[in-house]
Amino acid sequence: MQTKKIVNDGARAVEEMLQGVLAAHPRHIRAVEGSPRSIVSLNGPRPGKVGLVIGGGSGHEPTFLGFVGKGLADACAVGNVFASPPPDPIVECAKAVDGGAGILFAYGNYAGDVMNFDMAAEMLAMEDIEVRTVLSTDDVASAPPGEREKRRGVAGNFFVFKAGGAAADRMLPLDECERILRKANDQTYTVGVALAPCSLPQTRRPNFEIGPDEMEIGMGIHGEPGVERGPLRTADEIVDDIIDKIFAEMAPSRGDRVAVLVNSLGSTPLMELYIMNRRVAARLADRGVETHATWVGNYCTSLEMAGASITLHRLDGELQSMLDHPCDCAMFRAG
Amino acid sequence: MTISTDRLKAMFAAIAVAIEADKDRLCALDGVIGDADHGIAMDLGFAAARDATAALGDDADPTVVFNAAAKAFLNAVGASCGPLYATAFMRAGAAVKGKAKLEADDMVDAFAAMAKGIQDRGKAEPGEKTMIDAWLPAAEAARQARAAGASLPAALAAAADAAEQGAEATRNFAATKGRAARLGDRSLGHVDPGAASAVTVIRSMADSLADA
Amino acid sequence: MQTKKIVNDGARAVEEMLQGVLAAHPRHIRAVEGSPRSIVSLNGPRPGKVGLVIGGGSGHEPTFLGFVGKGLADACAVGNVFASPPPDPIVECAKAVDGGAGILFAYGNYAGDVMNFDMAAEMLAMEDIEVRTVLSTDDVASAPPGEREKRRGVAGNFFVFKAGGAAADRMLPLDECERILRKANDQTYTVGVALAPCSLPQTRRPNFEIGPDEMEIGMGIHGEPGVERGPLRTADEIVDDIIDKIFAEMAPSRGDRVAVLVNSLGSTPLMELYIMNRRVAARLADRGVETHATWVGNYCTSLEMAGASITLHRLDGELQSMLDHPCDCAMFRAG
Amino acid sequence: MTISTDRLKAMFAAIAVAIEADKDRLCALDGVIGDADHGIAMDLGFAAARDATAALGDDADPTVVFNAAAKAFLNAVGASCGPLYATAFMRAGAAVKGKAKLEADDMVDAFAAMAKGIQDRGKAEPGEKTMIDAWLPAAEAARQARAAGASLPAALAAAADAAEQGAEATRNFAATKGRAARLGDRSLGHVDPGAASAVTVIRSMADSLADA
């Protein structure tokens, strides 16, 4: 039996989605002519500005393409569902937003994305466009602390891209933009739990199996297995487990300042996210950590997967000012 | 018998058929340790490679065929397998550059270049539970068989057998790196989807060239 | 078997959600002292301004409480899941935002809400606070055209509240605010489809039954049965059916201008909504109707119900200027 | 036998027990034609009414008991049944104002006032598939039985029987107004949840006062 979806032809889901996105947001974004998978900000790119190019597989909306806009990403290369975009649309993105100050690639750390973006960077190098790459690696559960560079990028992309977009929008040079993106990534920690699978529009079959009383801690945003599977627990227990894992690594001190993202993987509703946030706030207060800002909702989803993730992003003055910098994107506004 | 452009096109068509038939199994394998899309990606990629190579004129030489396959596969897919197979085909094309038709040794060289291309692009080592665990032993088996005087069909059949063993062996690898690293023992017992699809690709290459 | 949810005690879900909401949005909202179910805007209410009080059951987040903020609602009374708030928190909302220019109640047309808000209005009348009430009745499927006043209010609340909030923020008098709200409601048409049920946190059981290949057209945002049940169709067929129903009533002329809301009932992801929007845009273009603005996402949900609704809101100069008026709420920003 | 404040409190406690036991059935009934929460709302409301009345001192007269129940029910619930039952209790309290204890006729008056209060608040007419279809016949049955000389227990038992028939009859009403209007024939065959819960409320009132 196939799962239920409102689609036409699963194989054309990404194309049709993009047409709907462009129809909805004509004041924010456009596709590069002849390259429909290259989505570009109408207002962001300009001469002398570093171009921030993000991208990745589809199915995580509003990540990635929803974060294209003034003050955030200049362009986004759009892949198939859960699949990195190929080099061509990445190259087209970079060319479209090149302001002569260099290009910054920022995306989640997945083998496929790395290979495709690297190929794109090689192609751009041949055209004398300088490209730097920063991988987001915020998924605490995906590799041990000593191997942070092997971790996946998940919902924490939000903070990483936000910092980079602000830096570029302030006309900082490529070196500075890269430094700030890396710093933002270093200060970003995410752990997620999954309760029920999503299904790809092409197959319409659940992309993993999970028992009726189970949850998986640390599951990736494509349904990649996490660290452990166990019985579904209460919201407070889940949050405690997540926060314990994050604190163990982040080791926040009294007086530290953080931004919080409580993110739905798809079908977990705001009610549950806010119930989680109540406990997040309590844990942070207990620890003497100040919460500068909180976002709650669907920011980095996995189609209709049930579950949620919590991201803590530690701020210093610089990162805070990047976070507070205004942005105006198709699917996100702040500042 | 030498391999003409038509034979190469037919080979890509044969791979596309085999992969399409295997699509659901590959998605299911990927669902266990990955993101459940490997069959979709491979199907898209080889369908595109088939279409792109089929569209080439009679004057296309083997290098042009491989390059067309590479480009089409890559642009249709992205993902992990896109750059890997695209690089494989580009390297195959480079290995036989300038030839109008391929002799048995050329084809074995091209095959070895594919494996090498995948490794260069992905930088995976044997035992890391990737398609490399099928492709490297396959290339080595083809080389040895050929060195021992086997025909191209026999060499490719040996490659397919070796790929099969290599893929099967990925069951015993607990992923220790990257994506599945934290899975630890939970990744044990499952075949890597990219290794599994490599078997299908190599087997259908061998079958398609069985009378070559 | 119970459905999976990230909650602690289902009976305390609304309380805990509110604590999480207040923790997340301290710069936008507060609870009235001693009345935790009365959520008030920090920046909106002021002397001489009409106070816009909205409210309804929980489980529709970001509706209702997410629309409290400068330029939109001044306060929101929060009920239990799918249950109108009682009169007391409504009264407290009104008192907290009373600027001496009168109070406007705006909420969806449900028997329970009407009774509770009417009781609240009676109580406020005794304290000489003038209250006007506008019910949103945008759910085309819930009563025949001749009985529009019997229709339910669903996702179209968004446009109705938005217009009223803008009118009040511009310091228009009570009569004018009421007129504009009514006009906005008259020009708002919604039809929804449901694919899979939600479940209440208290029972954790699916709140309706639906076959594995079925969908229900016109289902209410609490799972109330709709007009018909049939096999799940393609996105284009579903949109066509919805748009046909809306056009049949709205009878838009060439050159009309509309705003569009493609809304998820909970677990239907953005990908599917945008695929729907592609067809909505095509149908509007075909009809010669101009799209002034489009919103796509989770605006009026039904916990984790699967399904979506489409709302068309016809604009004249006045309604357009209300829609474009800036607002800054806990869960929504525009303008 | 007259009904003291204690008896009234015990009556509210008895209703709360009966409704709690009935909660799941009421949610299920509401799931068919409404929003699946009626059992939850009634349970919350009567639990609150029980707690609020139980907390009253010995000096509380019946009007105070009814008013406390009204206020507690309303604030705990909202929804549709909140204002309806709250109004019912306030009217019952008003009907027996000034009395320290209730005689049989007082209780029947209070009961009739409850039905009237529900109708005044909700403005539903018989046949519209609401709790009115249980409450109105129940009040009428109690009045008639009492007029015919029945004891209070007998009058309340008659009321419960009438409520049961009234609720059962809602099966035959195709909702023609409001929420379920568009349901048309699809609402046929289903009992209205509010009418069903009215039977539980009235039956437990009758049982609780069976020896009064």
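Per-chain residue numbering starts at 1, and chain names A, B, C and D are given in the order in which the chains are listed.
The rule we apply is simple: a residue touches a chain if its C-beta (ideal position, glycine included) is under 8 Å from a C-beta of that chain, and two chains touch if they have at least 3 such contacts.
In this text, all values refer to a predicted model and were calculated from it rather than measured experimentally.
With respect to chain A, maximal separation of chain centres occurs for D (centres as means of Cα atoms).
Separation between the centroids of chain B and chain C, computed from CA atoms only, is 54 Å.
Chain D has its Cα centroid 32 Å from the Cα centroid of chain C.
For the pair chain A and chain C, the distance between mean C-alpha positions equals 29 Å. Counting only residues that touch two or more partner chains, chain A has 81. Viewed as a contact network, the protein chains form an open path, each link joining two chains that touch. Remark: the chains found to touch one another pair up as A-B, A-C, C-D. Note for the complex: chain C touches chain A at residues 1, 4-8, 13-14, 16-21, 23-25, 58-59, 61-62, 66, 81, 193, 195-196, 198, 201, 212-213, 215, 232, 234-236, 238, 260, 262, 266-281, 291, 294-298, 301, 303-304, 306, 308, 331, 333.
Of all residues in chain A, only 57, 79-88, 110-112, 115-116, 119, 141-144, 147, 150, 152, 200, 202-203, 205, 207-208, 218, 220, 222-227 touch chain B in the complex they form. The touching residues of chain B, counted against chain A in their complex, run 24, 27, 31-37, 40-41, 44, 74-84, 121-122, 177-183, 186-187.
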